[in-house]
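Presented sequentially are two complexes of subunit A, the first with subunit B as partner and the second with subunit C.
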Partner chain A sequence: MSAEPNSMTPNYYTAKGFCFTSAFWMILATFAGLLGATELMAPDLTENIGWLVFGRIRPIHINLVLFGFVTPGLLAAACYILPKLLKTELFSEKLGVVTVVLWNITLVAIVVTLAAGYTQGREYAEMIWPVDMGVVAVFCLLIVNFVMTVKRRTEPILYVSVWYVLAAVILTACTFSLGNIIWRPDTGSLKGIPDAIILWFYGHNVFGLLLTPLSAAVTYYVLPRACKTPLYSHTLSLLGFWSLIVVYTHIGTHHLLQVPVPTWLKVIAIVDSVAMVIPVMAFLINIWYTVQGKLGEIHADVGAKFVFTGTIMYFFVSIQGSMMSLPQVQRVTHFNNWVVGHAHIGVLGFAGMIALGGLYYILPKITGKPLFSRLLADFQYWMILIGVVGFTVVLTIVGLIQGNAWLNGEAVYRILPSIHIYYVARASIGLIVFTSALIGVYNVIRTLTYQPKESAT
Partner chain B sequence: MRMTLSSVVIGSLLILFAIIFIAVVLPYADTNKTVPSEIFRSRDAVEAAGRKLYIANGCVYCHSQSIRTIDWGLGAERIAQAGDYLADQPILLGSARTGPDLSQAGGEHPDDWQIAHFINPRYVRPLSIMPAFAYLGDENIKKLTAYVQSLGLKDADRRMARQRHWKIEATKAYEAGPVANVKWLHDMVPEGWRNVPNPYPTTEAGLARGHKIYQDNCLGCHGPIGDGMGPAQPWIYPPPLNFTILKDRDVSGGILYYQIMNGITGSAMPYFKRELESEKIWDVGNYVAVYFIGETDANADPRGIDASYEPQ
Partner chain C sequence: MYFPYFIAYITIGFVISFVVLIWALKNGQFKDQQRARFLPLEELPSERPAAVSRIKRIEIYALGFLAAAGLLTSAAVLVFSLLRG
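== the complex of A and B ==
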């Protein structure tokens, strides 16, 4: 691994901290998923252990995946990418380390409070007010650090990855505060239908304004670098960036199409959900044309391999998502495991793959030594790929069984036996993904700590 | 277009604020004028405490409270209206039906069934995948039950009044002894049904089907040998019916069918009209008659026209 010439040798403490954070919390996040899946197949396995009840494990799984595994993984890459692209150092590694520590404290608080039953009961906005404050604080610290890094740049041009990182942290700080109703510390919610509208506005923006822009930022950096090729089109990056912010933010109400909310709002949500094709394809065409004919280079770098696979998953999950916003489709897909499958393609297949890709791409660069084991990283890649495809197939089948049965008058209880075997399959696949997280954290820790032999370059 | 720090930051924030205005503020102004629906009422202190437990234990992840025009199941008779949710903070629409929708769950079952179900759902619903909630303790389970019984608001109150009325009748009948109890149970079945024998003959295949249906639906209360000593029995009063004492008491196929289909309001016996099709009800009724009661009127007179496909 040839280190790029650099007069300073930055220590990248923040990026390393986020790498470890992501790899570590991926273990607990996937374990919570595995446990929840197991409880659906064997409900008395954890009988009367209150803090392990499915209704508490599920939000722990989701919040840890979002804020423990994927977001820190993407931020690790961002903390390396920004200084590189701006030809400067991160504004303050100290502040960065404080952010990482505070982030981990917040994650511990998320697990403890949710397991103890302290929740605001709103999907994606469960955390109680003090924990919300921790999240807001880390985003504010990130904004300061990133904006100041941009201000101190020696490179006049802002590359598209920089736009995405800035927009992600700034807009998420806003929508998180809004969606969690942080001006009402006691309940963190509104009353009635307005609460649902604001919740799903925020809930969908966790993907739209946090995971997607950060993933795009990492992709825009990793793939052209790995392929040693310039970006295909500046115009497409502009189109993709601005249309993402305009379109994605409109679509949250597609979660409420079967609920008594104003029809005009549903129309906006459906139209913009279909219009998501614009930002998605602008980004993907740009990236895919950039790497055209360079699959060999992508395959040579395990980080780029993860990231490229993530872009394919992004294509699939986005087209699927646009389709799922159509009311006729939702008659079958709403309220069942189809949607759970969709979420797994998006968060594990797209954002999770890219978070891991960014992590494996930067690890050799921030440690100045090769990845501890390329084999283990490849092994993890295949386990996650099999996991995502497996979840998709199994959960989509379950969703179709449930949705079609309900639509034709079957009771929820009656079809439980027909989906049981799929719950077993899903838990088994969860075991694969959990195992891959164990392999990943071992690889990350060894990479951060091992001493390469003298002969290594 | 040349992107600068300020164009990225200010540009994206301006777009976000414009869209918040469209997608959050305007809808708020629109939906904030919602008036109470005809079933709306506020919750009392116990129900509100139960709702807090419902939130704390994540019930919302598996149970929606949002009846749609395309629904068939529990509560489908009343499509959700914005005015139902006026007091709900947070609103608990839910996003998955791992279990049934609970919009109209109030009064569907009596309290004793609900409590047994919370202690361990498989006590009353053998196939259920819901977690056991005995760890909450009796006091909290009572609160949670009060909340569930309030779902449907005024509609639930009407159903609960029905449950309480019939609970008194059912208890009175049970305490008057088996003879009076069986008479009461028979009297609750409309005249026309009482004299109808099971129209289909007893067959091995039919009994096997009945056995499976019994295990999937009935065993929790009535027990594996039909003596009313299933795992739910300690929580249920009047206790589950003991089928083994029913011989020579004129239990017809029609009576069994009607009571399985329609349930016995006030007792913990739910209706199965939504979950079991006609043949399944006849099959499980005959299974109970053959194995537990010890006599069956399957295929006895009076018979109507023969079904086109039935064994001898």
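== the complex of A and C ==
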């Protein structure tokens, strides 16, 4: 497919498409989470309704949050940021629109197949082969569009955000293909321990090599621009980038410390998990020094506010992650709701916040008009912040109850009555986040469609 | 044999990273880092800078409380795990 000729004003169809995709699927993703949390609270709620049982709702929730809400939100910002930093236009808006359409078809397929019970039964890699191929295809299309955009650039230096975006799409295409064993369409898996090893390389890296680099890319662009100040150190940002690429690819086995996996592999996973402090702090120190003394500017821009809060969450989730890879800590925190709390800080608090921040930052720029409602965006910010903190507190408490009880030899079912109240709180918080998604999609659709009074004819 | 897939996975990542790193070195991507710091600021509209110190005090207190609570929780679990784990 060839690129269309340059026009004076870019139309940003791809970015707009990803914005709408993210906002729309956030509703279904958070509703699936709310339904799953409600089923944990009241297990008989969907009794005899096969396609709504917890075992099907949970993978729908996870895959929609990952591929429906957060990734498209970050990609929307990437489709705006990349051409700006490279002083060119996106290689092909037509190809971008085809990617958005195929992305949405794949998301529909994910929901339908998982709800119908078609699953490969591997955590985070539940989708069956045809759906896997849809995901691989959209990432291949993104690689073509982004690499060709880089090739046609007029700015010789690649800013760190460009590095992160390219790494995210290229490495995720590899990670997804390998992790889902796409060369074995019938099962999508290996056998025994090798399958567990490769699954958890995929399971960890699909977040760490997709959401983390895209979030870093958006942060490195939005915060300096919102604060109207140069990046503290581009060299430090590249150090963070390359150390992330080197370290992050090895740590998946920290999910398998209680499993008969070779010890050397566990040691690599633990050492590199702790070493993640290097890229994380390189990123955070750089960003926080950049915005030092500029909190007023961040507060003035709702997109930057989301993004900055995401960096704080990144600090927590990364410190937690390094800590949780230690075997002694895992004896308490593994296989219980602590990990679920950790995942919510990472995906909703860090990457989700930054996805929404990127989305709100670019919306006025790609539409050429102000955000429909700053108030609604602020309201959504506080609802999500309260939701993330609420999930963290509640799930951490539940995790500690479960972990400590099991460490002391208590049976699983005997713990359930003592954690029920926390499951009620969890579902209530889920309702807050779901409501925020409704507010968000309304704001996004109105921003895309309304005509400001001064420009209305 | 448990390790071929792991080795393949790591090798692919390293090969791609190494090739790109060599390309970056040859293309001078690590030179002129001072100019690179300013790249996001180009084409910045000449609008009046946002007013400083507009932060509502309650937001600062709320964020500070959340940050402190998170750090204390993490520290408590680490201590608890190391003592009991």
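Going forward, the second predicted complex is superposed on the first by the 447 of 457 C-alpha atoms of A that agree within 3 Å, B and C clash if a C-alpha of one lies under 4 Å from a C-alpha of the other, contacts with A are read in each partner's own complex, and residues count from 1 in each chain.
Simple rule for what comes next: a contact is a pair of C-beta atoms (placed from the backbone, for glycine too) under 8 Å apart; a residue touches a chain by one contact, two chains touch by 3 or more.
All values derive from a computational prediction rather than experimental measurement.
When both complexes are superposed on subunit A, subunit B and subunit C clash. In the superposed model, more residues of subunit A are touched by B than by the other of subunit B and subunit C. By the touch criterion defined above, A:Gln328 lies against subunit C but remains apart from subunit B after alignment on the C-alpha atoms of chain A. When the shared chain is aligned, subunit B comes close enough to touch A:Tyr118, but subunit C does not. Of the two partner chains placed by superposition, only subunit B is touched by A:Tyr413; subunit C is not.
After overlaying the two complexes on the shared chain, residue contacts for A:Leu28 are found with neither subunit B nor subunit C. By the touch criterion defined above, A:Leu395 lies against neither subunit B nor subunit C after alignment on the C-alpha atoms of chain A.
Judged by the touch definition given at the top, the superposed model places A:Ala351 against neither subunit B nor subunit C. When the shared chain is aligned, subunit B and subunit C each come close enough to touch A:His250.
In the superposed model, A:Phe201 makes contact with both subunit B and subunit C. Of the two partner chains placed around the shared chain by superposition, subunit C is the only one that A:Gly296 touches, whereas subunit B remains out of contact. Within the three-chain superposition, the subunit B stretch that clashes with subunit C turns out to be 6-14, the only such case among 6-14, 60-68 or 96-104.
Shared interface residues of subunit A (contacting subunit B in one complex, subunit C in the other): 158, 160, 170-171, 174, 178, 190, 193-194, 197-198, 201, 238, 242, 245-246, 249-250, 261-262, 265, 331, 407. For subunit A in complex with subunit C, the touching residues are 84-85, 87, 155-161, 170-171, 174, 178, 190, 193-194, 197-198, 201, 220-221, 224-225, 228-235, 238, 242, 245-246, 249-250, 261-262, 265, 294-297, 299-301, 309, 312, 316, 319-320, 323, 326, 328-329, 331-333, 338, 385, 389, 392-393, 396, 400, 404, 407. Against subunit B, in their complex, subunit A makes its touches with residues 39-41, 43-44, 46-50, 53-56, 58-59, 117-123, 147, 150-151, 158, 160, 162-163, 166-167, 170-171, 174-175, 178, 187-199, 201, 209, 238, 242, 245-246, 249-250, 252-253, 255-256, 258-262, 265, 268, 331, 334-337, 339-340, 402, 406-414, 416-417, 423. Here subunit B touches subunit A in the complex through residues 1, 3-5, 8-9, 11-13, 15-16, 19-20, 22-24, 26-28, 30-32, 34, 54-62, 64, 66, 68-74, 80-82, 85-100, 120-122, 125, 127-136, 216, 274-275, going by the rule given at the top. In the complex of the two chains, the subunit C residues touching subunit A come out as 1-6, 8-10, 12-13, 16-17, 21, 24, 27-30, 32-44, 49-56, 59, 63, 66-67, 69-71, 73-74, 77-78, 80-82, 84-85.
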